[in-house]
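Sharing a structure below in structure tokens format, with a few things to ask.
Note that the chains are named A, B, C and D in the order they appear, and that numbering of residues resets to 1 at the start of each chain.
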């Protein structure tokens, strides 16, 4: 059960058409080493689910430049010129989701919920084409779970079993996505032996993680 | 904004008719000092929401003996003779809830969800008197958020701002309930200065906590 | 070898290396000690631990580390602790590979009754309903009969824990899968005949294409 | 004192001691430096921090600690870090006492448009929809007009961020509450008349029973 491998070996398991859950927030804590390795792969028609599709400094934009991405779901695309262009060219290719709803939908997928009822987005475009439901006199949008085929995750520390620690504000979507994808690929700043990472500092259990690679220096 | 006080001062804010969310799992990590102080109060018609209503060694059973508890919601009552008797005497006074559903309902209350769709309990008594919903061809039970007036919480370490750390398996419902109650009372094994509890070890933010008292030695 | 040990030994052959498993109270907790040496599993205790280790040595107990029965345990290196919402996310989100638990009744549609006996005190379902619905595989480990009375039925009569969830039943007599055809006997314990199992069962049993002798290691 | 400083100073009088507040990008981030000395607040950054401190000193940056704009910040002693689901639990669960943010348009029903201008590139709503629906109080901090054009309307024309959520608007001219009657002017900045505000507003303004001069400390 050796999970430690190169980024190239890890991303070799990504297929055309896959839905990729990509952790990170703007230019921080995004799995840049895995995305860099993915750039070398000959896959296309990928769906990127991430908070913000990154910035001009991150590699999601390069995946888009290479024509590998056909769909994106995000809360914010203002820092990625190409995601903005995708939305203009084909409005159905980009789904904008309120940030809490994106987090809850990914969590719902990981937690086995069939859906969640949310108030956020009522009376806005975020409610378009969605079912609403009245419960005890209040109206809610029924939001459905959002699954991925593969999660691309940043961790500050990983042990060799795949237990992960995300320091500070790098937890964001990196902690949620490993539960919601079939295959979980992780890049870690530091890879340590099992037991070196304190149990109370583990944010994602190794049982969920399939591949760990060393993150390249920024 | 001094939140540190005696258990007596903390529980003075509990009123008859309140719904109490009580952390802990069986005889472990239950807020026994707060419950002990509550025993001295002249309040009644309390609703206890907890994993298991405790055991013969914990104080929820003493609240019941004193006739202070009119309702209970729990996943398991097999270790509390009086809760079992309540159910026999008046089936409507005790609601049994699958453990994951109890956790998700309390979380939903804390997270502002109007409801969650769950599969667990379909075809069993746990689905009785509940609405079901079909989403994409699958049937789910609509479970509603479960709020409390007051949360009674165990923490291993609290800082004076109310930031809490729960060691090991004492997180259980202790971590969830502070988001779901109007008033949050905490007993801590150890109370430290702000900054002594490492940011990465905090499970509940002080902003949610109203009162902190010293847990008495077991 | 007594019935419980036979069951635990056979059950220990179920997990694959790297599986996340959950163990009910009682007999299922005997499974880990019989795991093959090359099979490492993550044991969850639904009250908030993934990576449960053996009981603590005397003098080394930490009361903050306990299992779903309230008993003190240890956490293995690399264990994680979490709250009940996260724990049941693991369970209901399909991240548990196998849940081993006992039963009062199982029927040929895979229905399970394990949490209350009508007319007796009702303990509550705890996490059982979640586990059997959420886990990828539900393996019932139990003695084949209770004081001589069958526990496998054509239809459960007790209140259900869940509908159509049981994958496999391991008893001291046989390994029986629940399939579209109903109960299918796959393995028989050493010296046990198909007819022996039929006599101890209150439902139709089918024979697998090939019935093997129950391996115990 | 320029318009932004007036707004930030007045906004800094809104929180009570112990409040949990969230600050939008831009002007709202100027609020903390003007807080009264006896008012201690918990500042959330929705990307995963509660207890945001000032910018790091040069040489003391840790890139793991950043705010929702991606800028490096510090965490105060007692700060907590969490994932996005927890962060938005705090927001949507009603645990944020005040969210301060800017607006493109606000109307007299409390509707808010703040996330897109039709015909221009669409940046996305980020966490804004969540914040204005979930926070206990929504306080809009913005200059009263944009290049002379009003931003307060009888009805918003841009796509909405949320319906009927704005509680108070603080501009360099006035403090205006959204009530059942519509916009009610509660405070006027030093030297500003009710008519001045009316001229800069494209909606009916009502007078509070007593209009006071906007305090700035």
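In this section, contacts are C-beta pairs under 8 Å (C-beta built on N, C-alpha and C of every residue); 3 or more make two chains touch, one makes a residue touch a chain.
Remember, it's a predicted structure, so these values are computed and weren't measured experimentally.
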Open item on the list: Going by average Cα coordinates, which chain is farthest removed from subunit C?
Closed with: D
Task: Selected interface, A-D versus B-D, where C-beta contact pairs are more numerous - done: A-D
TODO: Express in whole angstrom the distance between the two chain centres, defined as the mean CA positions of subunit A and subunit C.
DONE: 34
Open item on the list: I'd like the Å distance between the centres of subunit A and subunit D, where a centre is the mean of that chain's Cα atoms.
Closed with: 29
TODO: Return the distance between the CA-based centres of subunit C and subunit D, expressed in whole Å.
DONE: 55
- [ ] Find every residue in subunit C that makes contact with two or more other chains and list them.
- [x] 75, 81, 85, 88, 91-92, 134
- [ ] For subunit A, jot down the residues that touch at least 2 other chains.
- [x] 104, 107, 111-113, 118-119, 167-168, 199-200
TODO: Indicate which of the five shapes (line, ring, star, complete, other) describes how the chains touch one another.
DONE: other
Open item on the list: Dump the list of chain pairs that touch, please.
Closed with: A-B, A-C, A-D, B-C, B-D
Open item on the list: Which residues of subunit A touch subunit C once you look at their complex with the stated criterion?
Closed with: 1, 107, 109-113, 159, 161, 163, 179-180, 194-195, 197, 199-200, 202, 205-208
Open item on the list: Under the definition above, what is the set of subunit D residues touching subunit A in their complex?
Closed with: 45-49, 62-70, 75, 81-85, 87-88, 91-92, 121-130, 133-134, 159-163
Open item on the list: So in the complex, the part of subunit B that touches subunit A is made up of which residues?
Closed with: 104, 108, 111-119, 133, 135-136, 138, 140, 142, 144, 167-168, 199-201
Task: Touching residues on subunit D, where the partner in the complex is subunit B - done: 17-18, 20, 40, 42, 50-51, 75, 77-81, 85, 88-95, 134
Task: subunit D-facing residues of subunit A, complex - done: 25-29, 51-52, 55, 74-79, 84, 87-88, 96, 98-104, 106-107, 118-126, 156, 167-176, 203, 218
